[in-house]
């Protein structure tokens, strides 16, 4: 056993390229697993259960395998089975290829965006440093935005090829809403990017880990507070509270979730996916959950320090927690746990919003986006920039 | 703040205010404001002049810099004011007599409605401002500005009765004839700038000797061209009689007392240049003498009383010009001063008569008015006596001085004296003729006579003040052999200090007394002839158009100046303009323009059908073909 | 094999295709896309040349081209929609009111 | 021939093929979708040419915003009728256009033949766009230092365009 491990170590050390290849595969597999598991299965279950709890219902609890109900977890399997078995209806005048392409476009663009999201820092394996990111792009956040922009095409295609006036109208609503808020989504983050001076998520997290509020211009110069602030990590949310609130709101609009779910409005409004059934419809639903995870992830990376845990420092092969040395592996595990917890918190928070607020009217959404959020985001950006110049 | 600024800008401020808001203020306020502003200006002017008088004689010059008009590296012109004895005298005349005339106008213009009333006072105040700018100028640019402003305000006032075509025509005539003179003035300014590089009097006049004789003659003649235009010297005098179309106070103020003296003022101001050129001075003197004589002869036959005074003004201006032309600047200016008083008086009295007779101006329809309007009669007799040169009146002294200088001055000539003397004789005749026709004898138009009435006090007061002034002002310039008290000569002495001593001594006392006796006798004889001719029932007034002789017709038609101008300038200009219009403008210019346009349109019509056909893709094809062409050319030539 | 010349040739080919589209299509929207295609061929050439010459200014230029294209598209589409609302037709061959 | 070359070939071919598809498709919506695909191919080519920033910008702005606007316009206009007509006019016109386009292509290729067909010089110059993390910084320097004025001008242009479109749309609404 021992020798097997040693020989593995030796083999790995001898072939750095192999390490990298394996790491790439492992990263991808891991990420896809996480995305599919959470976005495809767990989130729909959570949503059901949470809505039930918030609305004082019991919620999904009927599906059972051999009498085991597992808190309704099997409902997802039942849904999947139902989706696969249902007739895949394609309207007579629709282009079958595009009709099929639309839902996959919607989900795949969201999934592809995860390629640039780091799930951890750099780890050292067999002498090789491995970025815990599938594709560590220097322009990571732009890539996410680009993919968000591409996600619109799923909606547009779905609305158009369905050859149905209602789906067309729904798709127009959805498109207008999404591209309107892309502006706000981009502008609200820019304030934070002014601090990080990078478009790379890893740099953002590194900056937040490497700074505390005491080092922030103006804040750190406050006579009494400076010392206290030095103990608080310089997370984006502290630097850009307004930016965070706006960004969080804009992401909910981007996901077209309640209270901004006008494009499809499951219960009342006929949406772009009206002509979809079975698995394709479920894929549209899934794309929303994937987006939900994506934005929670982005928020954590940009505004909540990513995997950083206050007090924990990972050095070269050593981990220090509040001055106590820890094994390196446990440090990594702590970071992973911090990251996961933060993401879970935001997923939960999104659900909370979803089941708390009533739906906006369409003109209200547009009003909010163009006349409130855009000016606020611009003002936030301008103030940040001016203060940054003054602090120089 | 310098009091001069108040003097200058207060009338302007009231003018602007009255023009904008006067109609709403009502007559009383508008007139009160206007009169008060001129009175205050007079007070400040008097204060300034007293302050000047307090200075030692040699340094009686105050320069006030208001602001920079133009400030280039090599050339600077400021809005500068110069107060010296000459301009001091002028501002006193302008504001003092201006105030009296304002006062008179309050009554005279009373029948106008409030808007017109305010407009009148605004224009008159504006004139006062313009005239003050002219006389206070410290450089040629400012004096020219004042010169032009005076022209504008004169134009506005002559054409004040907007409903009358004749008034509008007279305004235009005055303006256009003045432009001829202004052209000369402007040329003179350009020459001066070219020669000295500066327009300031202080930089030009003391160094005038630097001018070459030819240049001095040119500048002098051009300056005099301007002066002749403003001061109505022949042949540019034709506008002044027509200018009587304006309200009578305007005639009194502008076309008798102030504006027309600008030319004399200009020659006196620039005497340093004129003194360099005997030719220029000769032209000035001869022009003045001829104008004085010819205008006096014209005045002898006119029947319109304002017209008589208008020609009389031209004639008297001729005396002033003659005075400055023979180098007797002080005498000329003294005549300017006395004339300002008595001619303003005469015009105002004529206006009073006109007022009493509801606009009647023809002396053939008057007569015996002294019973109806004794005050007007008395004051007008005083004025006419001054004008005619009755001994011991102001006019006697001032004209006598000029004629003496014409005979014995530095540039004397017997011909000049003779013309002056004959003119003075004519003056005595027409003055008597007018007085006797209007006030004495039997009334020739009983209807008008019955309705005649004396003018209100507001018109009478200025008459009395001016009459007193006319008599008193002569005391300022008594002949040298009578007294050594010579306030006028002494006052102006610093201005003319650069001249050679006036050789009055060359005229013996016998000559002076002899001349005086000659004038006195002439005046008496001609006055008696006029009395005999014009007090009878059938006075020697021929009816309209009924010429008794060729000479009479010549004089009646004012030497046919207007007709000559009409033929030479107006007809020729019209013909030339018509030719330009028909052939050059319509044929050549329009033809070219229309031809180009027509050609462009024809080409455009063709291209529109073929090329510009609205097919976007065809345009794109042109673009692509053009791109190919350019690329091909670049490939061929770039290798 | 994939040198700068290859990318330039590709860019020129795309430019020619776009020009061909502008010359032959009657749908203003497609013409518009073809114009955009010509823009993009220019961008491609700029990127390739930047890579070849080692100049970042080419990238900046592409950025400007994209921004100007965005403005142009916004206005152009607005015009097309305005025309469609009054004419109910956007065939460019039927639109010749402004020929003068 | 490595992976990079393969990808280059694939995307270059894709760009050209989709461009031809745009020109020849009758349905405007499909043409627009093909154009999106064409743009994505170009974006990939940019990334392969060491211009990842431009690649992403291309996707964000061109594919993500501009083309969505196009689709929006297409859907609002509902140009089914014109779309069903023949996309091209007469054979003569098509031939002429083809000739012009070919001429243009030929001239351009002749004009640019000084550039090597097979070599991409390494980015070595001091102002080079750079690879990787450097790219953004280098391009930003070019953009905001030498091109600052142009950048502002473009900003004003965009603002003007936005206002213009708003005015245009607003007037229509009132009618």
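Structure notes:
Residue numbering begins at 1 within each chain, and the chains themselves are lettered A, B, C and D in the order written.
Going forward, a residue touches a chain if its C-beta (ideal position, glycine included) is under 8 Å from a C-beta of that chain, and two chains touch if they have at least 3 such contacts.
Computed from a predicted model, the values in this text were never measured in an experiment.
Of all chains shown, the one whose average CA position lies nearest the global CA mean is C. Chain A and chain D have CA centres that are 29 Å apart. Averaged C-alpha coordinates put the centre of chain B at 75 Å from the centre of chain C. Between chain A and chain C, the centres computed from C-alpha atoms are 35 Å apart.
Chain C and chain D have Cα centroids separated by 7 Å. Counting only residues that touch two or more partner chains, chain D has 53, 57, 65, 72, 76, 96-97, 100-101, 104, 108. Shown for chain B are the residues in touch with two or more other chains, namely 621, 624.
In terms of which chains touch, the assembly is arranged in some other way, matching none of the line, ring, star or all-to-all patterns.
Of all the residues in chain C, the ones that touch chain B in their complex are 19, 22-26, 28, 31, 92-93, 95-100. Listed in rising order, the residues of chain B touching chain C in the complex are 604, 608, 612-617, 620-621, 624. Put simply, chain C touches chain D in their complex at residues 1-10, 12-21, 23-27, 29-30, 32-34, 36-37, 40, 43-44, 47-60, 62-64, 66-75, 77-82, 84-85, 89-91, 93. Across the complex, chain B is touched by residues 96-97, 100-101, 103-104, 107-108, 110-111 of chain D.
On the chain A side of its complex with chain D, the touching residues are 98, 137-139, 142-143, 145-150, 152-153, 156-157, 159-160, 168, 171-172, 175-176, 179, 182, 198-200.
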